[in-house]
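Shared between the two complexes below is chain A, which has chain B as its partner in the first and chain C in the second.
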Partner chain A sequence: MSEIDIKRISYLAKLKLPLEKEEFYANSLKDIIKWVDNLKKIDTSKTEPLHNVTEKTVSIRNDEINKSNSVNDVLSNAPDRAQNFFKVPKVVE
Partner chain B sequence: MKNSISHIKNSLRNKKISVEELYDEFLIKAKSSKNNTFNLLLDKENNILSIKESQKRYENGNPLPLDGIPLGIKDLFCTKGIRTTASSKILSNFTPNYESFVTQKLLDDGSIFIGKNNCDEFAMGSSNETSFFGPVKNPWKNKNYPTDDLVPGGSSGGSAAAVAEGTCVASLGTDTGGSIRQPASLCGIVGLKPTFGSCSRWGIVAFASSLDQAGPLTNSVEDAALILNSINKHDFNDTTSSNHFREDYSNDINNKLDQKIKIGIPSDYLKDVSGDILSQIENTKKALIKHNVEFVDVEFKTTEYALSTYYILAPAEASSNLARYDGIRYGVREDGKSLDDIYLNSRTKGFGDEVTRRILIGAYVLSAGYYDAYYRQAQKVRRLIKDDFQRIFNDVDFILTPTTPNEAFKIGDKLDPISMYKNDIYTVPTSLAGLPGISIPSGLSTNGLPLGIQFIGNYFEEKKLLQIAALAEKELNFNEQ
Partner chain C sequence: MSNNWEMVIGLEVHAQLNTSSKLFSSSPNQFGSEPNENVNFIDSGMPGMLPVMNFACIEMAIKTGYALNFNINKYSVFERKNYFYPDLPQGYQISQFEFPILTEGFINIDNDGNQKKIRIERAHLEQDAGKSIHDIDPKFSFIDLNRVGTPLLEIVSYPDLSSAEEVVSYMSSLRQVLMYIDVCDGNMQEGSLRADVNLSVRKKGGELGTRCEIKNLNSFKFIRQAIEYEFKRQIDVIESGGKIEQNTMLFDTSTGETRAMRSKEFSHDYRYFPDPDLLPVNLTQDQIDKVKTSVGELPQAKLDKFIKDYKVDKDIAKIITVEKQNAILFEKMISETDVKPKFIAAWLVGDIFAFIKENNLEVSSLNEKTKEITDLLKLVSDDVISNKAGKEILPKVLNGQGKPSDIVKELGLEQVSDSGELEKIIDEALIGEEENISKFQSGSDRVLGYFVGKCLKATKGKGNPKLINKILLDRLKK
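Entry: the complex of A and B
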C-alpha cells in the first residue's frame, strides 16, 4: 500500500482539514485502507462488477408535467438569496 | 401485547381511549424521556387536524390501517414543513418542502408523526454516538453495571430506543449495513430491512444509494408487517424501485407454516462468538424444531471479505452523495471570501468526524490510480457475495444468524473505527446482497441485556420471512421473559 497523501484527498473531497487533525485522519485512513486490502488477493478476473443487486430494468413512466418545486420552494432553504437567485460571492472578475 | 398496533386500534375502536388522548400520552412520555431519542417532538397543535380526522374515521367505523397510531420517524426522512437534519450540523436548519414517498404512505394510512428520531450523522455509525445532537441512551441497563449509560446501536438508534422506551408505537428507520437490525437487537425490539428495491428511497437523505432501504422498528413482528404493508409500494421517482406484486404481509402471519422449512446456520458466523450469542441460536433451534423445521449447517466462502467490500462501497457512494452539501442552496453556510472558501468552510465545519472520515475514504478509493484496485474490485467481490448467498438459498428457505456479535456496550467505549465497524459483521453481507433480513429479540445476556437473532430470506420473500419470524417470536416469548 502506498502512502496516503491526505492533503490531496481532502482537496478532492472539498474539505479543509485543520492542520492539527491532518495526522489523525491520515492515520485513520491508513488503518482502514490496510484493513480493506484483503480484497486484493481475490481472483475476480472473470467476475463482472455488481452495481445494482436486483439487476432489474428501470421502470419507465409517461413524461407528464406535474407542478412541484416552485421557485419559492426551491429557494426557501437558501442561506442567501437575491430575488429569484441563490446569492454567492463574485465568481468572475 | 399492550402496545401493539392491533391492540391500540381496538382500544380506539372501542372508545377506551381517543386519538387525542393517545397522542397526549405518548407525547408526555416522550418529553420526559432522558434518552435523547428525538431530535424534534411535534406538539399536539402541529397534528391537531390529523388527530381530529382520525378520530372521525373511528367514529364513522372506517379507520385506516394505521389510523391514529403515533409513530417516530428517523430524522433522515424528508418531512414536509418539519425540520429534517440527518443529525448533522450542516442540515440543522433544513426544512423540506416535500414529503418522502414512504412517510407519505404512512400518513395516507392514518398514522400520526410524534417527532423525528435521533440517529447517527447521515446514518453513519453503529452506536448513535456520531449525532450532532448528542448520543442516544439505550433504555436497557447492564445489571452488573447499572449506572453505565449504554449505546442503543445505530444508526437508527433513536428509533430503536424510542420504541423500547415506549415513546412511539413504532418508528421508521433506514438500513444501509445493519442500521435497523443492529439497534433493534441491542434494544430488544423487532427490526426489518426489506429487499433492496422494495421501499422507495425518494426523499430519504442519501447515504449509499445502492444499499439504503427504509424499514420498520417495532414491538412485534405483526407490527412490522403492518408498517411494511404501508411503505412497500412501487415508486416511479426511485429508478431502483421494483414493480413486483406485493402481498398483504400481515394477513395469515400467525398461521401454521404449511410446508417443511429448511433453515441454514452459517457455521463460519459462529466461530469465536460468546456463549451468550451461541445460546440465542441454540434456543431458536430448539424452539422451531418441533414445528417441522429442519436445520442444516451452511458455510459462506465470502464472509471475511464482506466488511472490506462494504467499507469501500458505502463510503464511495457517500462521498459522491454528500458532494451536494456545499452551503449554497440549502443547509448551513459558513462564510468565506470566495465561492470556493464557502464550499470548504461549510463542508469542513458542517460535517462531524465520522462523516469526514467516510468522505475521505470514499474520495480515496474513487481517486485516479486507486479506482480499479479498490472500488471496482469491491463491486466485483460484491457479486461473489451475492452468488454465495444464492448458492446457499438453492438449498435452504432461510438463513439464521445472530444479529450482532455482542450486547449493548457503554457509551464512549469503542473509539477505534474498525472495532466499531465490526459490529455489523452479521448484517453487512445481507445488505451487500440486497436480501431482506429481520432481527427479533431472542433472549437476555448474562448481564441482563437483550440479544437478537436474524432471519435472512430470499429476494422479495418478506411474507415468508415475517411468518417464520412470527413463529420464532411466539416460541421464544421474549416479551414475557
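Entry: the complex of A and C
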C-alpha cells in the first residue's frame, strides 16, 4: 500500500485539518484502504470492466426547454447574493 | 535567439453545441440572458437532482464524427472530473474520459496552398462551467451559473501543428465544418468556440520538449499572439540555461503576454470515476446511421464543386465557401438563372458582399431577393446595361426599390448596342483625328483608350463599350 499524503488529500477535498489531527486521519484512512485492498485478492484478469451493474443504456430526453425554477428559487439558498448573482469570497487564479 | 528552434502544438477546442436546452437539464442553452436566468436545480447542483441526457447532443457528436472522419463509438461513458471552483456548483464536471464518443479523426487544412492532414485524437461530450466575475467588487466574486451545463464537444488534436498560421488554419477549418453541419454557431466572441493551446519547443527534428498549456483563447488574433509570445518565452528560458516547467498559462489580452497561473501547492488530481447518476451510452448502429443523412455537403466538397463544375476561380470560391450562408445564396442564384456561375461569383464577392457589409446585414437576408439579383446580372451579362450601370442599380434592387428592368428604364441606363447607331457616332468621333489614327497605326495602343473614351462620352456613357471597341478596331485598322 502506498503512503498517505494527508496534506494533499485534504487540499483536494477542500478540508482543513488541524495539524494535531493529521496523523489520526492518515491512520484511519490507511485502515480503510487496507480493508478495501482485500478486493485485490480476487483474480480479475479475465473480467471485463463494468461501468454500471444494470447493463442498460443511458436514459434520454428530447431537446426541449422547460424552465422549472426561477432565479429566486435558485438563489434562495445562496449564502449571499448581489442582484441576481451569487456572491462568494474572492477567488482568483 | 537562434533560428533552429521549432514549435510543436496540439489543440483542445471546446465547441458549444447549439441545442435548445442543456446537456443534462431542460434549462435554455442561451447566451446573453440575465444572470442566473437559465438555471434550475440540476444546474445549480442541488442535492438529489438527477441529470438526464439530451439526445440531440449525442446526435450532434455523431454528426461531427462523420464530418471529421472519426470512429464513432457505440459505447461511451460519462465520468466525474472532480475539482472545486465556485462556478462549478456540483463540485465536479461531467465529462467523458476513458471512453469518449469519438476517437481517431482527422481534418485536412490548407497550409500555404498545400494540404496538411491534422490528426485528431478524440472528441468527447462534457458540461461547461459557469462564469465568475471578479472585477465588480474588490472582496467578492460574483457568480452567474447560466453557462453551467451547456453542452460542449471537446476536440483534442494530436501535436501535428507547427506554426501559429497552421493553428489558425486548423481552427478556422474546424469552425467552418462545425458551422456547416450546424452543431455550433462558431461565435468566438461569445465563447461558442475557444481553444486551449499546448505548446512545446525543440531543436529542429529533436526530441519533444516539456509543454505548457495556454488556456481559453477565443479569437484568432489572441491565438496567434499567445503562440508567438509563448514560443519566444520558452526558447529564452532554455537558452539562458533554464528548464520549462509544465504549467498552465493564462494569456493577458491587454499586454499580449502569457503568464503562469498561480502555482498550485499540489498538482491537480481530478479523480475521475464513472458517474453513478448516468448509465453508459450504448448506441445502436441504426441510431448512428440515421444521423448520416443530416451531415450534408462539407466545405471541401463545396469548394471542389465550385471550382470544377462551376469554373469559379479558386480564391473566389474560397471566399464563398468560408460560410455556409454564402454558399447557399450562391447556389440558389445559380439555380435560378442561366448567367454563368463565374460571373455571379464575381458579383457576389464584390458588390453584393460590399452591400451586405455596409448595411450590416446577414448574408441569408438576401435569399429572398435572388430573383431580382439574377435578373439584374442577366441584364449586365447580356450587355443590355453596362457593368457600371449594374453597380449603380444593385443597391436599389437590394433595397427593394423595384424590378431591375424597371429601374433601368426609369434611369435610362439601357446601353446603346445598335451597331448602326454606334458606327455613326464612331465615324463622327474620328473626324479630324488623323494624327491620332496614324499614331495608332504605328503601334500606340494608348490611343485606343482615348478613342473609346471619346465615343463613350458621345453616347453619354450608354454605348456598349465592347461593341464600341470592336467597331473602333475595325475602323482604325483600315
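Note that in this section the second predicted complex is superposed on the first by the 89 of 93 C-alpha atoms of A that agree within 3 Å, B and C clash if a C-alpha of one lies under 4 Å from a C-alpha of the other, contacts with A are read in each partner's own complex, and residues count from 1 in each chain.
Please note the rule applied: a contact is a pair of C-beta atoms (placed from the backbone, for glycine too) under 8 Å apart; a residue touches a chain by one contact, two chains touch by 3 or more.
Note that the structure is predicted; figures quoted are calculated from it, not measured.
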Does the superposition put A:Ile4 against chain B (first), chain C (second), both, or neither?
first
After lining up the shared chain so the two structures overlap, which partner does A:Leu15 touch, if you call chain B first and chain C second: first, second, both or neither?
first
Partner chain in contact with A:Asp31 - chain B first, chain C second, else both or neither
first
Partner chain(s) touched by A:Arg61 [first = chain B, second = chain C, both, neither]:
both
Does chain B (first) or chain C (second) touch A:Gln83, or do both, or does neither?
second
A:Val91 contacts which: chain B (first), chain C (second), both, neither?
both
Touching A:Ile42, do we find chain B (first), chain C (second), both, or neither?
first
Between chain B and chain C, pick out the one touching the greater number of residues of chain A.
B
Should A:Asn52 be classified as contacting the first partner (chain B), the second (chain C), both, or neither?
both
Does chain B (first) or chain C (second) touch A:Val71, or do both, or does neither?
second
I'd like to check the shared interface: which positions of chain A are touched by both chain B and chain C across the two complexes?
8, 12, 14, 51-52, 54, 56, 58-59, 61, 68-69, 73-74, 77, 80, 86, 88-89, 91
Chain A residues touching chain C - in the complex, by the definition given at the top:
7-8, 11-12, 14, 51-52, 54, 56-69, 71, 73-75, 77, 80, 82-93
Chain A-facing residues of chain B, complex:
93-95, 97-98, 195-197, 210, 234, 236, 239-243, 304-305, 308-309, 311-312, 319, 323, 326-333, 336-339, 342-345, 347-348, 351, 356-357, 359-364, 367, 373-374, 376-384, 386, 417-418, 432-434, 459
The chain A residues in contact with chain B across the complex are 4, 6, 8-10, 12-18, 25, 28-29, 31-33, 35-40, 42, 44, 47-54, 56, 58-59, 61, 68-69, 73-74, 76-80, 86, 88-89, 91
Which chain C residues qualify as touching chain A in the complex?
19-21, 26-28, 34-41, 44, 46, 52-58, 77-78, 82, 84-86, 99, 132-134, 136-145, 261-262, 265-266, 269, 271, 274, 276, 278-283
